[in-house]
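What follows is subunit A paired twice: with subunit B in the first complex and subunit C in the second.
Showing the complex of A and B:
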């Protein structure tokens, strides 16, 4: 099974996306939320490459891991986290270009069906084209 | 004239940098509020605090590469914005270039800055003129290389590098941002000094204040 790592600047947003995506899972897909920068017992906004790396180590399997990210430095932090993996691990990790919420929900569904990393990512990225609101509703 | 740089000087460099960041935190925040998300000052402040604590804890360190690698990992885990990975890869790459031992030549220091800059550019895909930290660092790296090759002292070479970084930082005012949050503003980013270039200038200015002899 492909596993998922959710990366957001906000710890609460990452947890919320995990909760929502987790509700779609039928199989044994693991989702880890990595959000914010630890500060005492709480988190401030930001992304921590080393916690992303730890999450990747935790959920990595040969089937691969898809990372879903929010914006900006989340991408930089995720790429740096990949650098700390072994080449073998890195070869089966992908940072998705998908929108965070829609992408995570569809990725969880696809991963739960046992699809490959590439298939899971393609389905997640295709959600960028989803029409949330039928055009006819927006025409007035 | 010795042109060596010691581990002890490097510790002073980065403690000085932490002080500079704290002093300029409000300025960095103000600059970032104008064209970004106003978090560069706070992010760098968190990095500076953690870096200072780590340097003070690291009394048992005898190798420049171990020291710089520790700084890199500390900044990566504590800054939180794009500056974390970017300053992180700068020091990671510089650490590899420095190698073990508690002293390096000025030539090696110039090389450290060179490869550190390259790793930032690889990671952030920023080019000269994109209104980023690269616009302060790249002129500094070039000036440091020229002064080093011309046989100048560490003090002289770092002084010209710092002047070049300052000029590069000020040149970002007239640039249109091509990277980061500021690029969303397009032409409206013109007229504002880049916060990343400002914190990068402070790094070079701190080096000039501490690594000379």
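Showing the complex of A and C:
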């Protein structure tokens, strides 16, 4: 099954997204949260390519890994982390364009259903167009 | 009846059933997840429509589409299924809306 790596500037945000997305899984999907930059016993805000790379090594499988990222340097660090992989590993890793929370929740569900990396990512990215409050429905 | 038998023999049986959302939070995220996971176990094409809101008919195997019918407590949802295992699919999904099983996870 496709596994997920959650990349956020905030360690607590990444863990929270992992917790929520993890509640959607019916299957053998692994989610790793990589948030913040280690500083002593704690984390400060930021993203760390080496920790993202370590997470990718840990969860990589032939089915693939989808990376869900927040903004800015999360994308850069994730891209850098991919460059450390072997070409074989790199070929089945994808950085999703999805919004972090919605994308991770949907990706976890889809991955657990055994869908392919492309299908999981498509479902996650569809959340960008998702209307939380559909205007077309009656309002009661 | 004869028509129905012919349709079923062709694997083209279409059925529907209405369920009422009982939970105070409506058809919430994790309940929708249970619906998707249960629906995905069946070959049948399964749709849901919020009759109370006269929503569009959506794919019950898509959680985003299920969230968009905005089902609240008391709303009536029409589940329809088409395919060889349509009846079983509807029975399994309907059970998720049964108050007695409401807070239990989907059967595996």
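Following the convention adopted for this analysis, the second predicted complex is superposed on the first by the 135 of 140 C-alpha atoms of A that agree within 3 Å, B and C clash if a C-alpha of one lies under 4 Å from a C-alpha of the other, contacts with A are read in each partner's own complex, and residues count from 1 in each chain.
Just so we're on the same page, contacts are C-beta pairs under 8 Å (C-beta built on N, C-alpha and C of every residue); 3 or more make two chains touch, one makes a residue touch a chain.
Model, not experiment: these values are computed from the prediction.
Look at A:131: by the touch rule set out above, it reaches subunit C but stays clear of subunit B. Legend: residue contacts after superposition of the two complexes on their common chain; A:26 is shown touching subunit C, with no touch to subunit B. In the superposition on chain A, A:50 contacts subunit B only, with no contact to subunit C. By the touch criterion defined above, A:72 reaches subunit B but does not reach subunit C.
Touch criterion met: A:106 reaches subunit C, while subunit B stays clear of it. In the superposition on chain A, A:123 makes contact with subunit C only, not with subunit B.
In the superposed model, A:5 lies in contact with neither subunit B nor subunit C.
Touch criterion met: A:80 reaches subunit B, while subunit C stays clear of it. Listed in rising order, the residues of subunit B touching subunit A in the complex are 39, 43, 46, 73, 76-82, 84-86, 88-89, 123-124, 180-181. For subunit C in complex with subunit A, the touching residues are 29-30, 33, 36-37, 40, 50, 53-56, 62-64, 67-70, 106, 108. Across the complex, subunit B is touched by residues 9, 37, 39, 44-51, 72-73, 76-77, 79-80 of subunit A. On the subunit A side of its complex with subunit C, the touching residues are 23-24, 26, 105-106, 109, 112-113, 123, 126-127, 130-131, 134, 136-138, 140.
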